[in-house]
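We call the chains A, B, C and D, going by the order they appear; numbering starts again at 1 in every chain.
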Amino acid sequence: MSTLTQAHGVYPIAPTPFLDDGAIDFASIDRLSEFYLRSGAAGVTVLGQLGEAPKLDAAESLAVARRFIAAFGRTPVVVGVTAPGFAAMRTLARECMSAGAAGVMIAPPNTLRTDDQIAAYYAQAAQAVGAEVPFVIQDYPLTFAVQMTPAVIRRIVQENASCAMLKHEDWPGLEKISALRGFERDGSMRHVSILCGNGGLFLDFECERGADGAMTGYAFPDMLCDVVRLQREGRRDAAHDLFDAHLPLLRYEQQPGVGLAVRKHVLQRRGLIGSSAQRAPKAALTAAARAEVEYLLSRLGRHDSRAALPQL
Amino acid sequence: MSTLTQAHGVYPIAPTPFLDDGAIDFASIDRLSEFYLRSGAAGVTVLGQLGEAPKLDAAESLAVARRFIAAFGRTPVVVGVTAPGFAAMRTLARECMSAGAAGVMIAPPNTLRTDDQIAAYYAQAAQAVGAEVPFVIQDYPLTFAVQMTPAVIRRIVQENASCAMLKHEDWPGLEKISALRGFERDGSMRHVSILCGNGGLFLDFECERGADGAMTGYAFPDMLCDVVRLQREGRRDAAHDLFDAHLPLLRYEQQPGVGLAVRKHVLQRRGLIGSSAQRAPKAALTAAARAEVEYLLSRLGRHDSRAALPQL
Amino acid sequence: MSTLTQAHGVYPIAPTPFLDDGAIDFASIDRLSEFYLRSGAAGVTVLGQLGEAPKLDAAESLAVARRFIAAFGRTPVVVGVTAPGFAAMRTLARECMSAGAAGVMIAPPNTLRTDDQIAAYYAQAAQAVGAEVPFVIQDYPLTFAVQMTPAVIRRIVQENASCAMLKHEDWPGLEKISALRGFERDGSMRHVSILCGNGGLFLDFECERGADGAMTGYAFPDMLCDVVRLQREGRRDAAHDLFDAHLPLLRYEQQPGVGLAVRKHVLQRRGLIGSSAQRAPKAALTAAARAEVEYLLSRLGRHDSRAALPQL
Amino acid sequence: MSTLTQAHGVYPIAPTPFLDDGAIDFASIDRLSEFYLRSGAAGVTVLGQLGEAPKLDAAESLAVARRFIAAFGRTPVVVGVTAPGFAAMRTLARECMSAGAAGVMIAPPNTLRTDDQIAAYYAQAAQAVGAEVPFVIQDYPLTFAVQMTPAVIRRIVQENASCAMLKHEDWPGLEKISALRGFERDGSMRHVSILCGNGGLFLDFECERGADGAMTGYAFPDMLCDVVRLQREGRRDAAHDLFDAHLPLLRYEQQPGVGLAVRKHVLQRRGLIGSSAQRAPKAALTAAARAEVEYLLSRLGRHDSRAALPQL
C-alpha cells in the first residue's frame, strides 16, 4: 500500500516558475519548495494544469519534476503525467518514478462521456504507467468536462489496486465526498486519500465531510495548512474564521484563466517566486485587476498578518 | 428608448414558488413581490433559468408572469422568454408585453459557437419578439456554454435598437464590464444597462467596474440592494464589509444545481415563500447540507441581523 | 403491450410543410401523408427535430400533429414531444394521445452526461407523459450530444414498461444494434422495436444487424420502404443495389444543417409538398448546391425511375 | 512562398503501422510509402489524428516522421505537430523540419470557441513553430469541436505568412470551399492550397468547388488520386462513376472510432501494411463488421479490380 493512500494535510499544487523570458526558473522552485515545507505541507503536486504542465516539452517536464523531487527530499511529490496518449504518459511516469516521485496524477481527456469510457480510460492508464505506480484520479469537471459519479470513482478504485488518491474538485462536490466515505463505511470501497482542489473554495466544509485535506494552489498555502490543521484539532469556528477572512481573495484567485495570473502575482508579492511570468497562452492582470488584488490583500492583512505586505 | 436601457439597482431573479404538490403558489408570488419592493428592488426578472422557467408549460408561464406584473405595478418586470424556437418565444413575449412587462430576456441556445452565429441568433430573436420589444441579453457561459466576446455584445447592441440591457454573468467577467464601458467611452457602442448575475459572486467589484447593479437571485436580495446603494454612495469599505460577511453563504448558494435548493430553503426560512418545493428535475438538500446552511446563517447572523433567524 | 413495441418497416420522419410566408401548409400535410401511405409506410413520426418541431409554438404543434393523425387514420403516428421541461412535454403528450397518437418520442437534453443522469431523465419523462403512454427513445448523439451505451438503453427499457421503441441513430451504430439484440437473446432485456435514423446512411446493414426498419426522413421514403422489404424477403443483393444507387444523394441529404433544405427541395421537386420553405433558423441551398442535387438526381434517375424528374 | 501553398493532388493521411505487439513497424512504413508514390500521391501527411499520433511518445513521433521523410525523398511530407502546448509543438516541429519535412499541420485544441480565440491560437502556434515553417490549418469540427468560419480562416491566412494550406474537413463543407475561393477572387485573401479530408466523403464535389485535392486516409488512396486526376482532366462523369462505386465502402470506413480499424484491416488485406494492430485506446472489428467489409469489397471488386482481393 502506497504512502499516498493514507495521505492527509495539504499538497500544494505548485506553479512552475518562469523567468521573464519564459525559461524555467529553477532557483524559484527551490525557494518555493522550502516555503511549502516550512508551511507544513505534507507533500506537493507538480506539473498540474495550473503548473502550466501542457506548456512544457518532454525534457522540461522531467527537469521540473526532478528539481522539486530533489528539494522535497523524503516528502512525497506527486507528478502530473496527463498526456494526449498513453505512450507519452508512460514515458514521463517512468522517468519521474525513477527520479523518486511518490506517484502520478492523471486527468481524463475531455472527450470521455459514459461511465464505461471513464473506467476503461483509467484501467488503460494504470496499465500504461505500470501496475506498481500509485496514481491520483483528478476529478475536475469544470476544466476537463468529464463527469464522474461516485459509483464510477468507486469502480476505478476497486478495479485498480494502484489507485491511491482522489484529487476532488467537482463543483458542487460536498455530497460526493460524503457518498465516497459512505462507500468506505459500507465496505463497498477501500480507503483512498481524498484531497480537495478547486482553489480551496469549499475547503471549510470539505474536511468536515471526510476529506483528508487539500491539493490546490491558492497563494496562501500556509492558510490552507492552518485550516486543515484546525479542523483536525476540532477547532471548527477558528478554522472557519480564518477561511472566511481569506475567502474574498481566494474567490478572486479561483477565477478560471485569470486566476493563475493572480496566484503568481501574489506569490511574487510575497517573495516566493522571482517573476509572475507565464508562458503563452496566458491571461494577464490589468491595472484594474492588480488594484483589486491590492485592495483585497490590504483588507485581508487586517485579519492575517501574512497578507500585510509592503505596498507596491 | 426604453426604461431598461437606463436601469440601475437590483432586479432580483425571482424563483417560481411551488406548493408541496408542485402547483404554482401564487400567494407566495405576492408575498415575495411585496418583499422585493420593500427591500428597494428597482425591478424584477421572472421566468429565468433559476425561476425554473423550463419546468412550466406555456399557460403556466404566462400566469406566473402576469401575477408578478400585477404585484409590481409600475415597477418594471422583465420576463425570460428563452425557448427552443422563435415561434414559442414570440408567443410568450407578445402575451407578456400585452400584460405589461417592461421587456424580455433571451438566453442563447447552447449550440451557438461562432461570433456570426451568436449575432445572427439575436438578430432573429429580436425580430421574432418584435422590433419594439426591449430585450436583455443573457450572457451566462457557465450554464449556456456560449462564449460572447465584448465585441460580439457590442455588435448585438449596435445591430438591434431594441437591445436594452446586458445580464452579465460571464466568469471571469470583470474585464468584460471594463471593455464594454470602454466601448461606450470611445463612442463605438451606445449605452445599455449592465446588471450582473452569477449569484452575485463578484458584485463587490462589478459596480466599481461600471455595472449598474445586479440581476441575480441570492436569498438576501436586500443585501444586494444595500451593496449596490453603498457603492453608489461611494462607501466602498462599507459595501465590501457587508458583502464579505455574506460571501461564505453566497458562495454556498452559488453552487450549480444544489444552489437553487439552498436559495429556496433560505427564502422559506425567512418566511418569504411558503415552501421550498421544486419541480423535477431538482437537487435536494441533504441533512448535512441543511446543517451547513444553518451554520453559515448563524455565523452571518452575527454581522447581519437579517440572517439571525429563529432556530429550526 | 403497445403496437409500437412490435413495429417494423418504415416510419418516415415527416417534415412540417410551410407556405412561402412561413404559415403551416396543411394541404401539403395531407398530400404527403397520402404519399407515405401509398409508399408502404408502416407509420409516421411527426414533430421530430427535422420536422422543425422547435420552430412551432404550442398551439401549432398540436395542430400539425392532429392533421397528420387524421390523415393517417389507423396507421400509427408517433409525435415528438421533446421539450425543455416536463410540464410542456406532458401537456403536448396528453393532447396528442387524446387526439389519437400511437406514442411519443423523447430526445434527451444535451446536458446529460452520466449513465445515471440519462436513466433518471427517462424515468422522469415517462412519469411526466403518463405511465400508459408508449414512448420512443431517440438516441442521436450527433445532434443531441448525449452518449447512451447499450447498457443504459437496456436500463431505460427495463425500468419503464411504457418504453416501446428505440429510434437508433448513433454513429457508428451497427454494433449497438447487435448488442441490444444480444441482450434480448440472453434474456436481460425485453423486446422493443428498433427503427433506424441518421438519414438512412447505414440502413443497408442495420436491418441485417437486427433492426426492424427505418425512422428517418430521406426524400425517397419509398426507397427506404423497398430496401427494408427486400431485406425482409432475404433479397440481400437487390436491397444493396437499390440502396447503393441512392447513396450519393442520400449522403448529400444527410449533411447537418443544409440537409433539410435538400430534403424539402427534393420533396418539392417530386410534387409532394408545395414549398421548400423553412422557418428560421435555416440553411438555404445555394445555386451551386441546387445544381449538385440536380446532377445527383439525374445520375440516380438512370437506376431508379422515381428520381427521373422533369428538368427544372 | 512554400511548395505547400501551390500543392494539388492527393496527400494521403498515413496510418502509423504497428507490429502485433504495439512496436512501430518501420518496414511497413517503407512499403506503404512506396505504394503511395506509385499511386501518384503528390505528398503525404504523417502523425495525423488517424495516424495515431497521440499514441506515440516524443521520440517515437520523431522516428516515424523521419522514416516517412526518408522514404518520400523529394516528395513533400507534412508532419502533424498538434500538441497540448506550444513547447512540445515547437520541439517536434523543429526536429522534423531539420529532418526534411515540407511543413507541419496544426489542429486547434477543442476548448477554443470565439473567433478571436481561434485566430490568437494560430498566431501563437505560428510563432511557436517558427515564422519560416509552412503550416497547415486542420479544420475538423467533427473531431476537434472547433468551428471556424470562412472569415476566421481568411484571418489566419492573412495574419500569418507561413500559413500554406487548409486541410478542409468541415461537414458540411462545400459552401466553405466556395466562400474561400470567393475571397481569393475578390482579393481579400491570398491563395493557399485546399486539400480535403473527412474520409473523402464529398471529394466528388469538393474539387468542383475549388479544392486542390484530398488529404485523407481512405484505404484506396489510389482511387482518391484517380478521382482528383479525372476531375482535373474535366472527366466529370468518370470521376463520379469511380467515386460512387467506392462510396459504400468509403462511407463505412468514414465512421468515427471504428473507421481506423476498417482502414487498417483493408490496407492489410491489400498487403500494404503487415498488421492491422492499433495501440490503445482502439475500436476493434467484430466478426460481423469484418464480414460486412468483405461483402463491400466483393461488391466493389466488380467495378474496381483493385478491390477484388483473394478471399480470406
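Operating definition for what follows: a contact is a pair of C-beta atoms (placed from the backbone, for glycine too) under 8 Å apart; a residue touches a chain by one contact, two chains touch by 3 or more.
Because the structure is predicted, anything quoted here is derived from the model rather than measured.
When the partners of subunit A are compared with those of subunit B, the chains appearing in both lists are C, D. Distances between chain centres, each the mean of the C-alpha atoms, put C farthest from subunit A. Centroid to centroid, with C-alpha atoms defining each point, subunit A and subunit C lie 48 Å apart. Mean C-alpha positions place subunit B and subunit C at a centre distance of 38 Å.
For this pair, subunit C with subunit D, the centres built from the Cα atoms lie 33 Å apart. If each chain is drawn as a node and touching chains are joined, the picture has every node linked to every other.
Contact residues on subunit A toward subunit D in their complex (touch as defined above): 52-60, 83-88, 90-91, 110-111, 120-121, 124, 128, 279-281. Contacts from subunit B toward subunit D in the complex involve residues 113-117, 147-149, 151-152.
Put simply, subunit D touches subunit C in their complex at residues 171-172, 174-175, 178, 201-202, 204-205, 208-209, 240, 244, 247-248, 251, 255-259, 286, 288-289, 292, 299.
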